[in-house]
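Letters are used for the chains, namely A, B, C and D, taken in the order the chains are written, and counting of residues starts over at 1 for each.
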Amino acid sequence: MDIKVNVREAQGDSYVVDLNGEIDVYTSPKVKDAIGDLIDKGHYNLIINLEKVRYIDSTGLGVLIGGLKRVREHGGTVNLVCTNPQIKKIFDITGLVKIFGIYDDEDAAMKALV
Amino acid sequence: MDIKVNVREAQGDSYVVDLNGEIDVYTSPKVKDAIGDLIDKGHYNLIINLEKVRYIDSTGLGVLIGGLKRVREHGGTVNLVCTNPQIKKIFDITGLVKIFGIYDDEDAAMKALV
Amino acid sequence: MNQPVSRENSSLGTVELRIPSKAEWVAVARLAVAAVANRLNFSIEDIEDIKLAVAEACTNCIQHASGSDQIEITCATEVEGLTVRVQDHGRGTRPEHIASRRVDEPRVGGLGVFLIRSLMDTVEYDVSPDSGTNLVMTKKVQS
Amino acid sequence: MNQPVSRENSSLGTVELRIPSKAEWVAVARLAVAAVANRLNFSIEDIEDIKLAVAEACTNCIQHASGSDQIEITCATEVEGLTVRVQDHGRGTRPEHIASRRVDEPRVGGLGVFLIRSLMDTVEYDVSPDSGTNLVMTKKVQS
């Protein structure tokens, strides 16, 4: 019912945000803050790792979309790592597959970023 | 929220009942039937493996106690395999540790049986 | 003779839940409804769909139904499927806001009702500025 | 000046659940209450205790409260802990049946009330032959 957020630096000034848990109307502000902090500090190439996310709702999607919009203004991008079929399905039916790079593992997400 | 029951023959005419899931007022009749069937067929030395049981309530305990009573009438016994601390605690506070042999693995439960 | 279609006969009972209209309680609603759905013959995927639809409905009550301090969730269960009603007593919305539509471009917000309509089999909104929003949605068990 | 002790201030809200008085719905009650407890600062062990106590209370409503077709479970949450009320409207029992006692010998049955009393911090039964059984139990968050 909760979310754990871990931020770590990766190659080429990119950052990885590891999320573990459930992203909903209660927990998404925590995710929003973590992503917002990175962008405020001038980091515009982000990987958000959703491998350990069991659940995401529209407020969680809204946070990801908001982050993507902000980094794009600076020529950056947000790539997602996602393997959970239910969550992939949500990206599918909302059409968000078309605006996010979604990868099966962090390596692939990283290669596509740099 | 459900229970899976698997019965298998073991050494020396003993039987092992593997339980997987949650034992409550809704699912315990299934457990009761499995144990009752074995006893009806004349098997009085039983191991009930609770390693994969995440939850047990008083109706589940009642089924185990009822089984023990029945096999004892025939000189048999019921040994339990249980590692889950919460379930061990329930056996503790109800005093059932004193009437059941409770073991950390099937080998130990078997050695104590035969 | 005609076969009487008896809706009553297939009913497995009704579970009602009332939570405060606050973000921290939405998880309770979606877990409770998932547990209800688990008692029917739904696939894991269908249960996840129902969970998300209920959470989106509750989230909208919290974010938009001003003046409502509680959300009522009613699950009517039948062998054939589940009917979930999510009701608040806040200020309602205009029908065009909860109309069904396509997702075309990225934007923050506006996905909740779309998801509910995508994930459930039938969705009916009864919006009233006075008595709040009443959402009734159903999902059939795949046979 | 005296420090006013304001119980209201620490309230985090109330969650209400109503299930049919049938064995298959007890799991919904215990999962919902566990989700509520999860929002407070309870340890996993405490949450398991609360889950079992609520399940035992519901099981007793189902098995003993004849004439009651519903069980009402009310969770009042505070920073300091949880108060759960489990209420049926069936024929009540005599006080001696729900009295606290020790477990001495193996027997089928008779463990439910004992477990409730062992697992919760306070337990109060209000039994009435007419209006059913009203059980109020509390558990404090360990600080």
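Points to keep in mind about this one:
To be clear about the criterion, a contact is a pair of C-beta atoms (placed from the backbone, for glycine too) under 8 Å apart; a residue touches a chain by one contact, two chains touch by 3 or more.
Everything numeric here is computed off the predicted structure, so don't read it as measured data.
Listed by label, the chains that touch subunit C and also subunit D are A, B.
Across B-D and B-C, it is B-D that has more C-beta pairs touching. Distance from subunit C peaks, on a Cα-centroid basis, for B.
In this assembly, the C-alpha centroid of subunit A lies 27 Å from the C-alpha centroid of subunit C. With each centre defined as the average position of its C-alpha atoms, the distance from subunit B to subunit C rounds to 41 Å.
Centroids built from CA atoms put subunit B at 47 Å from subunit A. With touch defined as above, residues shared between interfaces to two or more other chains in subunit D number as follows: 24, 27, 31, 35, 38-39. Touching of two or more other chains is recorded for residues 1 of subunit A. The touch graph of these protein chains has some other shape, matching none of line, ring, star or complete.
Every pair of chains in contact is given here: A-C, A-D, B-C, B-D, C-D.
Across the complex, subunit D meets subunit C through its residues 12-20, 22, 24-25, 27-28, 31-32, 35-36, 38-39.
Listing the residues of subunit C that touch subunit B in their complex gives 35, 38-39. The residues of subunit C lying in touch with subunit A in their complex are 23-24, 26-27, 30-31, 45, 48, 51-52, 55-56, 58-59, 62-63, 103-104, 106-109, 111-112, 114-115, 118-119. Residues of subunit A touching subunit C in their complex: 1, 22, 24-26, 55, 57-59, 61-62, 65-66, 68-69, 85-86, 89-90, 93-96, 99. Residues 1 of subunit A are the ones that touch subunit D when the two sit in their complex.
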